[in-house]
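Down below is the structure, laid out as structure tokens.
The first chain written gets the first letter, and so on, giving A, B, C and D; residue counts start at 1 in each chain.
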Amino acid sequence: MSSKSYKSLSDDIWKNRVDKINSEVFTLTYGSIVAQLCRDFTYAEVNTQLEKMGYNIGLRLVEEFFAKTGLGRCTSFKDTSEVISKIGFKMFLNITPTVTNWSGDGKQFSLILDDNPLTDFVELPEDNNAANELWYSNVLCGVLRGCLEMVQLDCDVYFVSDVLRGDPITEMRLKLNKFLKDEVPAGEE
Amino acid sequence: MSNQLHQTVVETDVDNDFEKQINVSCLEYLLMELGPLALRITDKLEKYSSSSTRESNGSGNGNDNKQVDDFHYGGVELFQNESLVSNEINNQMLDNFGFQIGKILIEQLIFLKNDGISTKMDEILDIMKIIARDVWKMIYQKQIDNLRTNHRGTFVLIDNSHRLISSMYGPDKHRISGLYLNFSCGVIKGVLNQSAFKANVEADLKSDGSVHYTIVVI
Amino acid sequence: MSYYLAVIGTMDNPIYELEFGTFKQQNNGKSLLNQKQLELIPFIINSSLDLIEDLQWKFNKNYFKNYDNFNNNFYKLSCYLTFGNMKLILLHQLDDNLKNDDNIKQFLFEINELYVKTMLNPFYNVNEKIKSEAFDLKVKAVARKYL
Amino acid sequence: MIMIYSLYILNRAGGLIYQKDFNKGLKKITTNDYLILSGILHGVHAIASNISPPSAIPSTIYNNPSFTNTNKSGLKSIETDFFKMFIFQSLTGIKFVLITSNNPISKEPENINTSNPDSFSSSDISINRNINETESILRKIYALYSDYVMKNPFYSLEMPIRCDLFDLKLTDLIKSFSQP
């Protein structure tokens, strides 16, 4: 499907098939989770815990994604990138990150998040470690990894930069390690 | 107190004051993960402290080496771990998540509702109505179904269907649902605390699946 | 014209303070308060807190204009109480040319909005000092609008 | 008007994780037989896809938003003189098996679409209006699964489904299809 029709599909889903709420409670809830974790653990451990939480969400959320979009398997990793940004992010967070920075082998790309509902109102703690070590929105990496794993795409997902840390942009990197062909459910093709 | 109970009908009043919107599912997944997350944190913290005490007394429990986070994906085997679920740290933590959120939500709601003209709200019944109507709507997309008071500092909020809990089934329902009820109680406490009221809040899951929150103002 | 804004926590602890001047009539927002005054003001504000407490119970309101003064009525104090009982106190002069009353009220009201937004930051705890520079800038932006 | 008898849900390994009868008609078999039946269905489904001639598999069907059944080359339906069995498979490998009466479908497809809040209406996308009723029911069951099983914090993936809310919504859904 062309990128234009993905857009009209996601607009339609967002308009007609999604129950919408204001983002505040979501942002607050996530914030109090991160703040709690930061009180108990090192930032490295916080990142791990956030990713893990996201991964568990991703494993489940993927079903809603397919049930609501009716999409089938992507034809390529390029296709996957479009679906993630134009449909996945759009239908859950109402944002559409830019897909960019493709690697030569077509197995890595970046998502640039211009807007991130998770970080509204957030300012990292003043101590330098937070700005160097904490990936505040790391839950998103976990969600993507979990979703992709459920469709047999073994990927690494991680943040490269974050405006919260003072970086100019917020960039997530997706790296396809392996398409687990043997685990594709029988009967698909 | 049943004879003195006065029933207050909770009115419908939906305000859509905030601007940014997201899919309600995002919040649902997040609230749902609060349980396992708290259990994982507790487990980790216990490991930290038990590894230091173990060194001192020289004896270790073999089970301690089993990493709780190496569970089968989906993450809810954690709920089977009885001692972990009943651990006070989780319940405290979930209560605290709720507390933080309640505190801030009420401040926001008041701010948005009153255009800052008057933020005074001395009647605790008004606060209860805000909890029952607005706060619940923001978190659970539904209002409290019934609000009762004896007008002497005791309030009962009845939620006929708690989204996270009503989907549960089986003998463990009571034990496990406590985690999520602690969160809700925390929210109520947070709102009241920010409104300068101290209260004991207890949640009770009835056999018909409804949840009764009993709030006793101190 | 000079102003001094103080945010006082629920335990009468100052959590934010800023001095600034008017932005009207090509002024640059620099305050004209001198060193001696600056040293005194926190004490003046602190000692006025009891007054607010009294008024609060007497009148069941959340905005008290000119509830106290400083330097023989040259400076006035006005206060806005947030829902969570934080006190937003502004030290200001009276000026007949400005619709001072309304502006001060509006100013404090918008500071309240800034404060509510600060509370949304998960790393901020109630009663903690607000140290962020972004907050300074936002306060000044609001001041530019009204004072 | 078709009659919906029964729904099975199979996990990715072919294990039966849900079984419910909605209408009387089918004979009950033992729990063990249900498990065996599921295992066999899972196996036959896979084998069927293995023996399919590759050239015969339509590829245009991909990404057609009205068609979430990713079961293309596997066993899709079984028909006897007394019932029909449909197998729907999600991209994540969950199978939904619906057993219905084999009466001809009487509902007009247009009706299904207008009464169905979940249907797609975007003009840019060509919609396959020819979805049969069963497909549409299965799609909705999948949506319920994603909403009420996946969002149950106490549900472990791949394990038997015991969710009050899912049961309730499912029964409502089936009822709405059963009413004339």
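One rule holds for everything that comes next: a contact is a pair of C-beta atoms (placed from the backbone, for glycine too) under 8 Å apart; a residue touches a chain by one contact, two chains touch by 3 or more.
It should be emphasised that the depicted structure is a prediction, and the values quoted were computed from it without experimental measurement.
*Asks:* Would you identify the chain whose Cα-based centre sits farthest away from the centre of chain C?
*Replies:* D
*Asks:* Report the inter-centroid distance (CA atoms only) between chain A and chain D in whole Å.
*Replies:* 29
*Asks:* What whole-Å value do you get for the distance between chain C and chain D if each is reduced to the mean of its CA atoms?
*Replies:* Spacing between the chain centres: roughly 64 Å.
*Asks:* If you average the Cα atoms of chain B and of chain D to get two centres, how far apart are those centres in Å?
*Replies:* Centres of chain B and chain D (C-alpha means) sit 36 Å apart.
*Asks:* For chain B, which residues are shared contacts with two or more other chains?
*Replies:* Expected reply: 25, 29, 33, 36, 73-75, 100, 104, 108.
*Asks:* Residues of chain C touching 2+ other chains?
*Replies:* If we look for residues of chain C contacting two or more partner chains, we find 120, 122.
*Asks:* Quick check: what residues of chain D touch more than one other chain, meaning two or more?
*Replies:* Touching at least two other chains: 151, 157.
*Asks:* So with touch defined the way it is at the top, what topology do the chains form here? Options are line, ring, star, complete, other.
*Replies:* Basically it's none of the tidy shapes, so other.
*Asks:* Could you pull out which chain A residues touch chain C in their complex?
*Replies:* Chain A reaches chain C through residues 24, 27-28, 30-32, 34-35, 38, 120-126.
*Asks:* For the complex, give me every residue of chain D touching chain B.
*Replies:* The contact residues of chain D facing chain B are 148, 151-159, 162-166.
*Asks:* Taking the touch rule as given, give the residues of chain D at its contact with chain A in the complex, in rising order.
*Replies:* Against chain A, the touching part of chain D is residues 12, 45-46, 48-50, 57, 59, 61-68, 70-75, 89-94, 117-118, 120-122, 124-125, 139, 142-143, 145-147, 150-151, 157.
*Asks:* Per the contact definition, I'd like the list of chain A residues that touch chain B in the complex.
*Replies:* Where chain A meets chain B, its residues are 18-26, 28-30, 32-33, 35-37, 40-41, 45, 49, 52-53, 55-57, 59-61, 64, 91-94, 117, 120, 146.
*Asks:* Considering the complex alone, what residue numbers of chain B touch chain C?
*Replies:* The contact residues of chain B facing chain C are 100, 103-104, 106-108, 110-111, 116, 118-122, 194-196.
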